[in-house]
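In what comes next, subunit A is part of two complexes: it sits with subunit B in the first one and with subunit C in the second one.
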Partner chain A sequence: MIYEVFRQERRGQPFEHAGSVEAPDADFAEAWAREQYGRRGESVALWLVPRDAIRDVEHWADEFDLKYRRVDGYSIKARLKEARERAGTAGDR
Partner chain B sequence: MNEQALLGIADDELIVGWRDSEWTGIAPMLEEDVAFSSIAQNEIGHARAVYQLLSEDPDALAFDRKPEEYACAPLVELHLLEWAHTIARRWLYEVADEIRVTALKDDPDPTVAGLAAKIDREEAYHRMHAEMWHDRLRDEPRFRAAVEELWPYALGVVPGELRGELVERVGLAEVDVVERGSHTDELAPLWEEMTIVRRSAPAGAQW
Partner chain C sequence: MAAVEIPRDEQAFLEYVQAGGQVETTDWMPDEYRRLLIKFIEMHGNSELMGVLPEREWILRAPTLERKLALTAKVQDEVGHSQLIYRVVEDLGKPREQCLADLVDGKAKFHNVFHYPTKTWGDVGVIAWLVDAAAIISQKALLKCSYAPYARIMKKICWEESFHILHGRDVILAMVTGTPEQFELVQEALNRWWAPLMQFHGNPIPSDEDPMYQWRIKSQGNGEARQQFLDGYVPQIWELGLTVPDSKLRKRDDGVWEFSEPDWDELKHVVTGHGPKTEERLALRRRFLEQEQWVRDVVLAA
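Now for the complex of A and B:
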């Protein structure tokens, strides 16, 4: 079975995907992951997740090109300036 | 603990680490290859720590002695390029080493006791690894046979007063012990290879 390994570099930080180990059971997966993803002190904790337990979500419909739902390329700076000018507060800040 | 006994522990760790490292790149599974090699390196690290306790020049202690001057137990010298035997030795060695290191944590010398505690914290993972393999293979005839074959050697890892505990833990009858103090024929070829680089350069060479 393949286990996906997530590691935490420091307490309080999010776990990030580190790689995977192939092991016959969870105990072997733990022992092997400890050596592969923790022996250099690069992790304070690991999560081991059987790959089968992961639900894969990857298809997104974007048929109508609804760009307004995204913020990339939306320059708020210029619009804010414009709004301030309209409100007569330009230059106050 | 006297220096000769500490040297025995350090030599055991160096030689078992060296032997286990022979599996690097050829273990039955890649994941185990990485784990096994890492454990082998840890063992050599423990040897280094004890040599540093005993000498200003741990390299000299590790590599400049004659084979017959090493104080290791015959168990660790055996050239076992067969997985069942290798795991049997790993498990037997870890059980014996745990008993020995636990006793060492109560050493009257606080430096020795402190180092034993430090080593023990790392050995905990080695034991976990060895027990995991033991649980999986314990009923396999090939593994049982390997454990029984190595058992007289395993008894030789710990001093007499700790053997009762080892007998209890392993669950095999007491047998004639292959004692520390003599060496198998397999140590000399290991020593030849282990010290070849060191011997190729004059003492004090800069790398």
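Now for the complex of A and C:
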């Protein structure tokens, strides 16, 4: 069985995907993951997740291109310039 | 933002990876890309596994307890790298047992530098310092590999290799600041290793003609890697008063290093299984593979 290995570098940090180990059961998986992803103190914790247990979510509908919800939906440069000119503050910076 | 779709068409896939796109294990990929990935990554795994043998020979002969422990840790790291790497190959479709069988049958390749003998403790220092330095240049370029699972494990590998280089440099520094005989052992080892080191990054084929570069498995050409090695390490060698055994070696005003053409016939001869230690080291692997078969049987039966 294949276990995906996620490792945490320091307390409070997110667990990041590091790799995988193949093992007949969870105890062997733990032994090998400890050896391969923790023996030099590079992780404070590991998550071992059977690959089959992972629900993979990949496709995102964005039919309406809802850009107003994102930073890249706004281009304020020209308007800001105009507003500064009107206010007479364009030369202040 | 909509997720990037991996194109299910060879040409479009090629453009996707050339634009910096990355691929996961479960994504569709062209057969040719999968074949090249397996070939490249398997060779890397073999090299890590075979690469410990020249150093293993010195564990019992290390000059101090601390050196013995450090060398043992390095050997442990390199074997660990081969385990991580073979796992990636397995996910691409070639089982680990098959990789090991092809290796001991002489059907698979491993890096040229691991086919040579380690005559003295000076060789151990040169390997840990300069062979690992040359290897880390290739491996750092793999952090950008288009196959993401390989790029991810490379982070850990590069992190551990950095300790190896420092360990090697420390061994070298201890010897060049020691007796004249110790200094001479380092110079002799450098003389032995220079030719294999210059061959290490491979023939200088233009990167656009290198399939491994076209598919962005590698992110730099062979010649480029060699220049980076020379630029980083020749000044470090010279500052210790050591001589690089190449009278043509010099840095031009435009920053490019000139050197004698490496012996490409020797490289080909060695990596196709005809190096001075190839047969002996493969025989050792073969013996251990057979001897430890019972362990694999027991674990798989668990």
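Everything that follows uses one rule, which is that the second predicted complex is superposed on the first by the 73 of 93 C-alpha atoms of A that agree within 3 Å, B and C clash if a C-alpha of one lies under 4 Å from a C-alpha of the other, contacts with A are read in each partner's own complex, and residues count from 1 in each chain.
What we mean here is this: a contact is a pair of C-beta atoms (placed from the backbone, for glycine too) under 8 Å apart; a residue touches a chain by one contact, two chains touch by 3 or more.
Since the structure is predicted, the reported quantities are computational estimates derived from the model, not experimental observations.
Look at A:22: by the touch rule set out above, it reaches both subunit B and subunit C. Looking at the shared chain after the overlay, A:64 reaches neither subunit B nor subunit C.
Judged by the touch definition given at the top, the superposed model places A:37 against subunit C, while subunit B stays out of reach. Counting residues of subunit A touched by each partner, subunit B versus subunit C, the larger count belongs to C. Shared-chain residue A:56: touches subunit C; no touch with subunit B. Common to the subunit B and subunit C contact sets on subunit A are residues 21-22, 24, 28, 32, 35-36, 39.
In the complex of the two chains, the subunit C residues touching subunit A come out as 1-3, 26, 76-77, 80, 83-84, 87-88, 90-91, 149, 152-153, 156, 159-160, 299-300, 302. Within the complex formed with subunit B, the residues of subunit A that make contact are 21-24, 27-28, 30-32, 34-36, 39. By the touch criterion given at the top, residues 29-32, 34-35, 38-39, 125, 128-129, 132, 135-136 of subunit B touch subunit A in their complex. By the touch rule above, subunit A contacts subunit C in their complex via residues 2, 17-22, 24-25, 28, 32, 35-37, 39-40, 42, 56, 58-62, 70.
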